[in-house]
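Across the two complexes that follow, chain A remains constant while its partner is chain B and subsequently chain C.
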Partner chain A sequence: MTTTVVEGFVYPNHEVFWGVLIVIYPYFVSIITGMVTVYAIAEFWRKELKDIEKLVVISSLPFVLSALLPLLLDLGQPQRAFEIYLTPNFSSVMAVFGIVYLTELFTLLGEMWFLFRVDIVRMAQTESNKLLRLLYRILTLGVYDISEKAIKLDKKIIKILTGIELIAAWCLSYVSFLFGVVKSNPWWNTTILPVSFVFGGLAAGGAMVLLLYLAFTRAYGIERKPNIISTVANYAFYFMLAAFALETINTILYAYKEDIAWAVIKLASTELAVPLAIQVIGSLEALLFLKYVCYRCNLGKIDTPFIAIASVTILVVVFAMRWNMVIGAQLIDYSLRGFVSYTPPLWGREGLIAALGVLVAPFIMLPVVAYIFPPYERKLRAGL
Partner chain B sequence: MKRREFIKTIMIGSLAFFLIKPAKSKDIFVYVVDSKKCIGCGSCVKACRAENHVPERKYRTWVERYVVTSNGELENIFVESPNGGEFGFGDLDVDENEILRAYFVPKLCMHCDKPPCVKVCPVNATWITEEGVVLIDKSHCIGCKYCIQACPYGARYFNHHEKVVDKCTWCYHRIMRGMRPACVTVCPTGARMFGKLQDEHIQKTLRERNIRILKPELNTRPKVFYENVGWEVW
Partner chain C sequence: MKHVRRALVVFINILIILIVVIFGIKGLGEEVYPAIADKLFGVEGIYGTSGEQKEIIKKPVHAEGREYCSKCHEEIYRKSDQGKHNFDCQTCHGAASDHPKMRLKVDSSREFCLGCHKATIGRDNETIRVLHNWENHGKDRVCTACHDPHHPWFD
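Right, the complex of A and B next:
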């Protein structure tokens, strides 16, 4: 039993229907939105981030691929999932998500192809491993033209794809509408939720980029650039600040208005003491650390532990935000007279172990993707 | 056919396909609950379970007891529904003099005219029939549970055996053969009424002033109407 009545009256069919897996799903989507936005910033506005373009693109792919996992595991009939494409209901946010997801996936794949096209062609001609050479030959799609004219065209197409991908990624973040449109749930039914969700996601994506930058520069033996860290940390700071401010405003508005749902929301919040504390204390700590990181980077110094702690904190805080949003709202019964508690099971399809597997999945895929599409020159890695 | 004409035909055809919906039948079904007549015996819940093979601890219909008390202060509201009211209700542990009002309220799917559950289903597995009944195609449902989240009345449940969502159908298999839903048939006091909107006994009841629907602020337009319930019922 994962749902237990704690206090008051709840409708007899009430359960926490969406568990820890559906917490991970918007969490991954948040990270994708943030990473794609960092990529778009690099492509369109901040040329100093050009160095991390390839890194961000290859790192986005495992997250995009993994975003489907929690959904499929949560479905009662996962073998019918494709019905979303065969008999879609366009008035359903979930059905539209299916279309947006495919758009995001294909634009990302296209972007990767154009971004790595020159590398792929070179590998197809020089790779000594026969199997890899065959793979690269297939990946060229028969196009071996790497003349200057062709590369110029590639860059133009990348810009167009980045624009589409950015829109798709922000639309992906509209997964928050999936919750926001549920008018019967007072916790979800707020105008602020979709906006704070996007900002939280942007901060999480920035934090993930920072962490991956630390990891990849170490693995490839590349010198870290303070201006890259400073720029990404600065964006993450403002995004985090906006998310934190919006969440706080939302809570204050609820508490002040004291409508019929507030009494039960207040009580149910006791069940969320830990994630709420993480959200508040973690946000403040991350904001402080991020500003310090920016300050140090502007002096030309890189404090790796501070960057790592700030990034991990943001990722934990955004996870706590998603937990509070998905689980917290379901603790309240629609009778608005009682609430339940939720403890995820350890085993099973919707259990903690499965959830952990889903969380780890992108990091298992990432080395494979990075092996095929190295974000930095291979010779540097070989030199290590 | 010229190209221009062909494109015009295609466009008009597409518009017609997307915009024109089948006309709704005038014979829509409605359901009326007279709370004054309900004695909380639970016969309806048992009959529903037997008729529709509802799994244990899940309910297509249930009965709630409302007890409003006051000991000189503002009203206290106590609501309960032990086992969905299937086995009746125990004695009240309240001073009788403090009770302002106490009554039973049967609940079920409201078969809304603007059902949020239908709107959110990603695969069109749930829909509203010409007779106004909201149904689920269990062989098509993907079990995403989004409709359960969207239902403000808690009427939908997840069938953990079949791994799909289920709910009250007003016993569609019976009403389409001219019978009444199982819960209406077994109610010993006639607290549950069912019929077509144009039926005389339904029209007579709907003309009463104290008739109301639940959660009207959500604009779901339920087709289950309640008579003689207090403001505390939603």
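Right, the complex of A and C next:
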């Protein structure tokens, strides 16, 4: 920590307590919310996205599971994490998080089960690996009924679960950002910010779905469909636009009023210059590329590099947004007379290595989940 | 439909198990969780929940005035009056309670002194003299090897 002298005062008298892990947590939550929303869009509105339903569901699970990791690592006493369930307190945002999180997890698992039930029944009968077959047998719960009627009922239940999950995911997102906002300095301490962040998150989820679609179609040797890409990219575009517009409107308003928040922005933007530049330039670039991708896809052409660049850019931009809020909000002293700087340590529980491990965790879990619940026909993979 | 009913049963069972676990752990008391988990991690009584501290907390606190100590510890009292550690003896030794029937705390570890003499967020460094280089000051020796706790300066 370095202290900085501003106008003769030696401030601050505080530290950055929320490090890079607390940046990753809302980031994961954003991605989950985005993916769940894409799933809901597929379920309720855009029938052409039915193809990626299974893909989206199985890839949400690793993110939901990993969302706990950064929080656990950030706790001073991780062994006491379970206490949050023993001493529920409804005035605590953290406690609300626990309940919403469990709702999200259970609806996702339920959705997965109903979505894969037919596959599970089939694989319980045909799988050659004994251990896997046993797993599938247990998962059938002893019912092998895959008649038309049963499947119809499954679909209805999936719709209900998706509705609940969507609400839970949005709450999770909103609560997570509210959590940050209440402690934040005037720049981010606004009503509009959580909303803008939810939109940013939706864009990130869309981008993640696009990337995973590229990866999975490649791994399973499946032909990519331009209309799927263009639909998802289109949604990502508008979500990104909404997030960008809301933040920009907010900032312009501050600049016009020249109130205290503007002073904070002027102070903080020197310290946050790089992530802010990434956020603004990246947003514009991502918007441009996404529109281009949509345009090309509508012509029936798929430009893989452009899709990849646009998606990665969105993911980076949204990470930068989370960084700016979580870290940025702590850089300025509450007295507004000075700021600290934050460089995450390399090692240790809250260091960069740990953060990298957390970021990679879902991608380590994903192949395992995909192996047990293949989103596309498994035999196609053999040909690769 | 059969499969939906079964799924519901599984889900409800999971919920029941969760609730039973929560109430079970709660019923066993803090001596079990988080105390056992704490012990496994080698954490002791942060947040005042170690068994020993719990016992102390339960006892009624009974403090005496500073002059009370001078009745029997005349020498230490006079010595301390002349130095900078001339504040209440009970700051360091804990509340008098039934002393001398009950023994008082005597802590001569480095951590104890550093609790006041290390830089702390939120306290300005003039209030109590701060050792900026506390790791190396009298390294590996207890502070009382050189400083008299009751008269810390050397005159």
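What we mean here is this: the second predicted complex is superposed on the first by the 356 of 384 C-alpha atoms of A that agree within 3 Å, B and C clash if a C-alpha of one lies under 4 Å from a C-alpha of the other, contacts with A are read in each partner's own complex, and residues count from 1 in each chain.
Here is the rule we go by: a contact is a pair of C-beta atoms (placed from the backbone, for glycine too) under 8 Å apart; a residue touches a chain by one contact, two chains touch by 3 or more.
All of these numbers come straight from a predicted model, not from anything done at the bench.
Q: State whether chain B and chain C clash or fit side by side on chain A once the two structures are superposed.
A: Chain B and chain C clash in the superposed model.
Q: Counting only touches as set out at the top, which of chain B and chain C does A:E83 meet: first, second, both, neither?
A: Both partners.
Q: Tell me which partner A:F306 touches in the superposition: chain B (first), chain C (second), both or neither.
A: A:F306 contacts neither chain B nor chain C.
Q: Is A:G98 touching the first partner chain B, the second partner chain C, both, or neither of them?
A: first
Q: Scan A:F17 for contacts with chain B and chain C and give back first, second, both or neither.
A: Touch status of A:F17: first partner only.
Q: For A:A150, is the partner it touches chain B (first), chain C (second), both, or none of the two (neither)?
A: Once the two structures are laid over each other on A, A:A150 reaches chain C alone.
Q: Once the shared chain is lined up, is A:S184 touching chain B (first), chain C (second), both, or neither of them?
A: Once the two structures are laid over each other on A, A:S184 reaches chain B alone.
Q: For A:R117, decide between first (touching chain B), second (touching chain C), both and neither.
A: A:R117 sits against chain C, while chain B stays out of touch.
Q: Under the stated touch criterion, name the partner, chain B or chain C, that contacts more residues in chain A.
A: B
Q: Between chain B (first) and chain C (second), which does A:G142 come into contact with in this model arrangement: first, second, both, or neither?
A: The second partner, chain C, only.
Q: Give the stretch of chain B that clashes with chain C in the superposition, choosing among 7-15, 79-87, 97-105 or 169-177.
A: Comparing the options 7-15, 79-87, 97-105 or 169-177, the clashing one for chain B against chain C is 79-87.
Q: Both chain B and chain C contact which residues of chain A?
A: In chain A, residues 13-15, 76-77, 80, 83, 86 are touched by chain B and also by chain C.
Q: Considering only the defined contacts, which chain C positions touch chain A in the complex?
A: Within the complex, chain C touches chain A at residues 1-4, 6-7, 10-11, 14, 22, 25-26, 33-34, 37-38, 40-41, 43, 46, 121-122.
Q: Enumerate the contact residues on chain A facing chain C in the complex.
A: 13-15, 76-77, 79-80, 82-83, 85-86, 106, 110, 113-114, 117, 141-143, 145, 149-150, 153, 157
Q: Residues of chain B touching chain A in their complex?
A: It is residues 57-59, 62, 64, 77, 79-81, 83-84, 107, 116, 119-125, 140-146, 148-158, 162-165, 215, 218, 234 of chain B that touch chain A.
Q: Where on chain A is chain B touching in the complex?
A: 9, 11-15, 17-18, 71, 74-78, 80-81, 83-84, 86-89, 91-95, 97-98, 178, 181-185, 330, 333-337
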